[in-house]
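Following are the structures in question.
In what follows, chain A forms one complex with chain B and a second complex with chain C.
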Partner chain A sequence: MATQLSSRLFHKIKQGGTRWFYSYNRCIVSDKQSLSKHLKREVHDIEQVSSQCPSPWMLQAGVCLIRLPLIEEDLSEFQKRYISLKEQMEYENSILNEWELEKIKQTQLMNDIESGKRDASEMDFKVSKQDYEDDYNQAFKEFTESTTELDLNDADFKNINRRPKDYLVLISKQKLGNDTVWMLPTEEWKEEENLRQSAERALTSHCGTLVDASFVSNAPSGFYKYKFPKNARTDAYVGAKLFIYNAFVPRVSETQSTATFNLDIDLNKMLDYAWVAKDEMRNFLKPKYSKAIDEIIF
Partner chain B sequence: MYILYLWCKHVLQFFVAVLLSLIRGPKIKDKNMSLSCTWHLWGKSFRVGKCLPAISNSLRHYRNRPTHNIGRMHGLEKPKPPPVRKKEVGTWKPEEYKAVKENHLDALNFIVSGYDIVLVEQYAKYVHQLMIKFKQNILEVYALPSSNAVVKKMLGADQRLLKAMTPEIELTMYKRIIQVKDMPSQTYPILLQTLMHYIPQSITLKVDKHNEEQHLSRYQYRVELAEEKAMLQQLYDSR
Partner chain C sequence: MALKKVFFSLPVCSSRWISTSCSRSAGFQGSKANIPLEMKLRMIERKKRRVEKLSKQPLAFIPITDFFIPYSWKMDKRARSKLEISEEEEDKRVLLEKEWARKTFRSRKQESWKIKLLLRHQQRALEELRQESEKLYNAALQCEDLSIPFTCRGPVQSTPLEGYLPPLGGYEHTDPLFSKDDLSLPEV
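Moving on, here comes the complex of A and B:
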């Protein structure tokens, strides 16, 4: 009877159906160890594998050319309230500085001289601190900024300075078969080059060689896989795998806040272009495509 | 009454164990069973040859213990069997590829510069903390001497110099440097892009490789050394 009982217990543990908590002492060690003995991992060379079984996916490299925001975002209500509170606290806890002490002394002295308590010879300054302050305030009123204003025409999609507080991405209208599709500038990967080199080639072939964008890494930042429409599918390719590389429009100088962009469009490839913010992308691109780009941009 | 009940139970168990051991004999096949145990009954201990913990309480509930109701599946869903695949699916076996050797970048200088010292210091602090959090090898964090730019106001014909105002304004440029070594080439783009996102307005971030020149620019101009060098050069030329 004892052996029967024990075997039943054993069976239960194996099944894993119920937990018998005094059985943890006798739990069988799982099969993980035995697996490693039998399956040996073979190390392959990439070229060997790819020649043996070519994949039906065309490899493409795309460029996500990003224009960084030109101006800081507005503070939220909470931030404004907190900042004003902090400033108030700092002001209330502060001590008068030398300038303010001098100013108080001088005004006191002038009042005393006027009322006759003190002699006029005690004045040891020509221009009082209060006069300085009045001059400064007046200069501030008269001051005009000599810098050019940003053209805030947010409706023009081709203007690189639109929506100065947001991240903008360049998208282009290209031909895919018979249709025109809005997508990132892409190029097919060729055998001799890196993915990054093909991304750079995509940028120069679509936007011209004058664009001085800087790529950040050798590895792609995003990925998007799509199938061609059934007309365009061949024996070799079912669809394409797009590897997206980040590139940034460079800052022209430390003093200027506007961005400039020298486009030399190849009209065969790029029919139209637009600088598009994150929330506007859905109007142009397919939802999954825009989601893939969303994950790249902040 | 409860004590009596306990006592009776213990005694019963003892006798059952004794009986069974007598019936079955000393050999038990299952190795996992404990070979001997002692029964304690009010100070006295009775040794039984082979005892069977399997018989001990599995029906009690121990409701005041936290392990109460472990394993209870009443009212819960039973685990469903995996859905039957109608399509033929090939098994995918992951194949190991030769990995590329890790590439580490040489010493990099992250230079934070701007006119507002508060922003410069706060942002440099942020850069430093980010490097610490990513466990990078930070060599040095230092400040370069600030450079003054003097701005002279050119007054127009209709403008007058107010009695208190000076025509010259001094702008000082502040710089802080964070030097990082052996950053893996995968993390560098990630960190760079986060830094680009969080940079405040009017601050510039520049990333350079560390040179001899940059290293020497930290040192002050040595007057005596320069004089002696000039003398040596003169001697050499006069030969």
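Moving on, here comes the complex of A and C:
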């Protein structure tokens, strides 16, 4: 089912010197048919042209391996105020429970005994509920959390458990031509393969086969197009189209609050790796590249 | 000549004629008033037998449901003494509630915007893929081999302690499903 959003978008594509314009309604698509309904006319033209001259873009599949946050974010001041207000209101609108009823009875009984209205033999308790409460409050004041929490080193980029409140992405340093570049683990698409399979291959070839990652869909989550530097350009390829696939580091058990990352590096492919949060990506990656990834992570 | 009283039949359609004693299932009024003693005794016995039958079965437990308040809780002696809230305090509370409404609306909007962005990026990637090759595009739209249902545990509240090994396994709920409290008669 396609649902239409409100505005139209005009998109400009440069292909082999000629310019192609097309417009499409932005809609949330889940099957082939509804997309083809909008693009059918234009796609025919493109296909005819592409069969005549093959596309100058190399197809690549990249993996955006995301480590989800391990620890909740702190409550803001406002949230704390609101929570305390709600607790206060719940207390005010509540009725007395059995403990409190008993307590009231007992205090009444003790007052009556003191004033002489009732006999001392009617006391059916040795320790009153009020005394218990006093004890509990005293114990609470004396209690100190004497436990030391794990010091998760935020500065070590290779530690998967760094910055437990943020979304982290794995990036690796690879050779591109003569330079070493920080980018997502990518692999060129081979024939007889889906793009998703080439993305999975990218992950295993860079990080080894022991890595746990769950890919969510067969469709790519993001897209980035770049041109090779002029030395690296061949007759066949002007640049590359990178299709990014989202994968998540799984955390399945309730009690596990740290993630594990079993690496088996192939040092020819991956010279270095880092787990990087959104604000740190600019230090490693080009701005457009980091923007492309930024908006794919939630 | 004496004037005769003539009753004029008013033009009333039969469907609007309402009579309270003409209900079909009502039976005869006062049908149970004058019954011979024997029949009365028989009826009473029948009722007794039915009650005995029901009382022999064990009482059915009522499942614990939070939204049914036990009758005993509505008695006055359970009421908390009301705190007096000054006007300023009330104003503060109301303003806080309004601010909270504004903030949640805003955060909801941001979340839905993020989701829209994600979908938009996926859309664009699919379109670009389509331009490259139809075959790969079709393969990308396949619904097999997906990790559905996708399960993922959410974040924890605090960092793990040093050298702490959590116990293995999940949680088993041992709360009783049924309560006996609701069956007690109201205290008078």
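Worth a mention:
Keep this in mind: the second predicted complex is superposed on the first by the 198 of 298 C-alpha atoms of A that agree within 3 Å, B and C clash if a C-alpha of one lies under 4 Å from a C-alpha of the other, contacts with A are read in each partner's own complex, and residues count from 1 in each chain.
Just so it is clear, a residue touches a chain if its C-beta (ideal position, glycine included) is under 8 Å from a C-beta of that chain, and two chains touch if they have at least 3 such contacts.
Predicted model, so just to flag it, every value in this text is computed and none were measured.
When the two structures are aligned on the shared chain, A:V127 is found in touch with chain B, with no touch to chain C. In the overlay built on the shared chain, the residue A:E188 is in contact with neither chain B nor chain C. Judged by the touch definition given at the top, the superposed model places A:I95 against chain C, while chain B stays out of reach. Residue contacts after overlaying the shared chain place A:Y82 against chain C, while chain B stays out of touching range.
When the shared chain is aligned, chain B and chain C each come close enough to touch A:F298. In the superposition on chain A, A:D135 makes contact with chain B only, while chain C stays out of contact range. Within the superposed three-chain model, A:D156 lies out of touch with both chain B and chain C [touch as defined at top]. Contacts of A:D266 after superposition on the shared chain: neither chain B nor chain C is touched. In the superposition on chain A, contact is made by A:S217 with both chain B and chain C. Residue by residue along chain A, chain B and chain C are tallied for touches, and C comes out ahead. Shared interface residues of chain A (contacting chain B in one complex, chain C in the other): 5, 26, 43, 46, 68, 71-72, 216-219, 221, 248, 254, 298. Those residues of chain C that touch chain A in the complex are listed here as 73, 77-80, 82-83, 93, 96, 99-100, 103, 114, 116-134, 136-143, 145-147, 150-153, 155-162, 166-168, 170-171. By the touch criterion given at the top, residues 1-3, 5-6, 9, 18-22, 25-26, 41-46, 49, 68, 71-72, 127, 131-132, 135-136, 138-139, 142, 216-219, 221, 246, 248, 254, 298 of chain A touch chain B in their complex.
Taken in their complex, chain A has these residues touching chain C: 5, 13, 24, 26, 28-29, 31-32, 35, 39, 43, 46-47, 50, 55, 57, 59, 68-72, 78, 81-82, 85, 89, 92, 94-96, 101, 147-152, 164-165, 189, 194-196, 214-223, 225, 241, 243-244, 248, 250-258, 295-296, 298. For chain B in complex with chain A, the residues that touch the partner chain are 20, 24, 28-30, 32-33, 52-55, 58, 67, 70-71, 73, 95-98, 159, 162-165, 185-186, 188-189, 192-193, 196-197, 200-201, 204.
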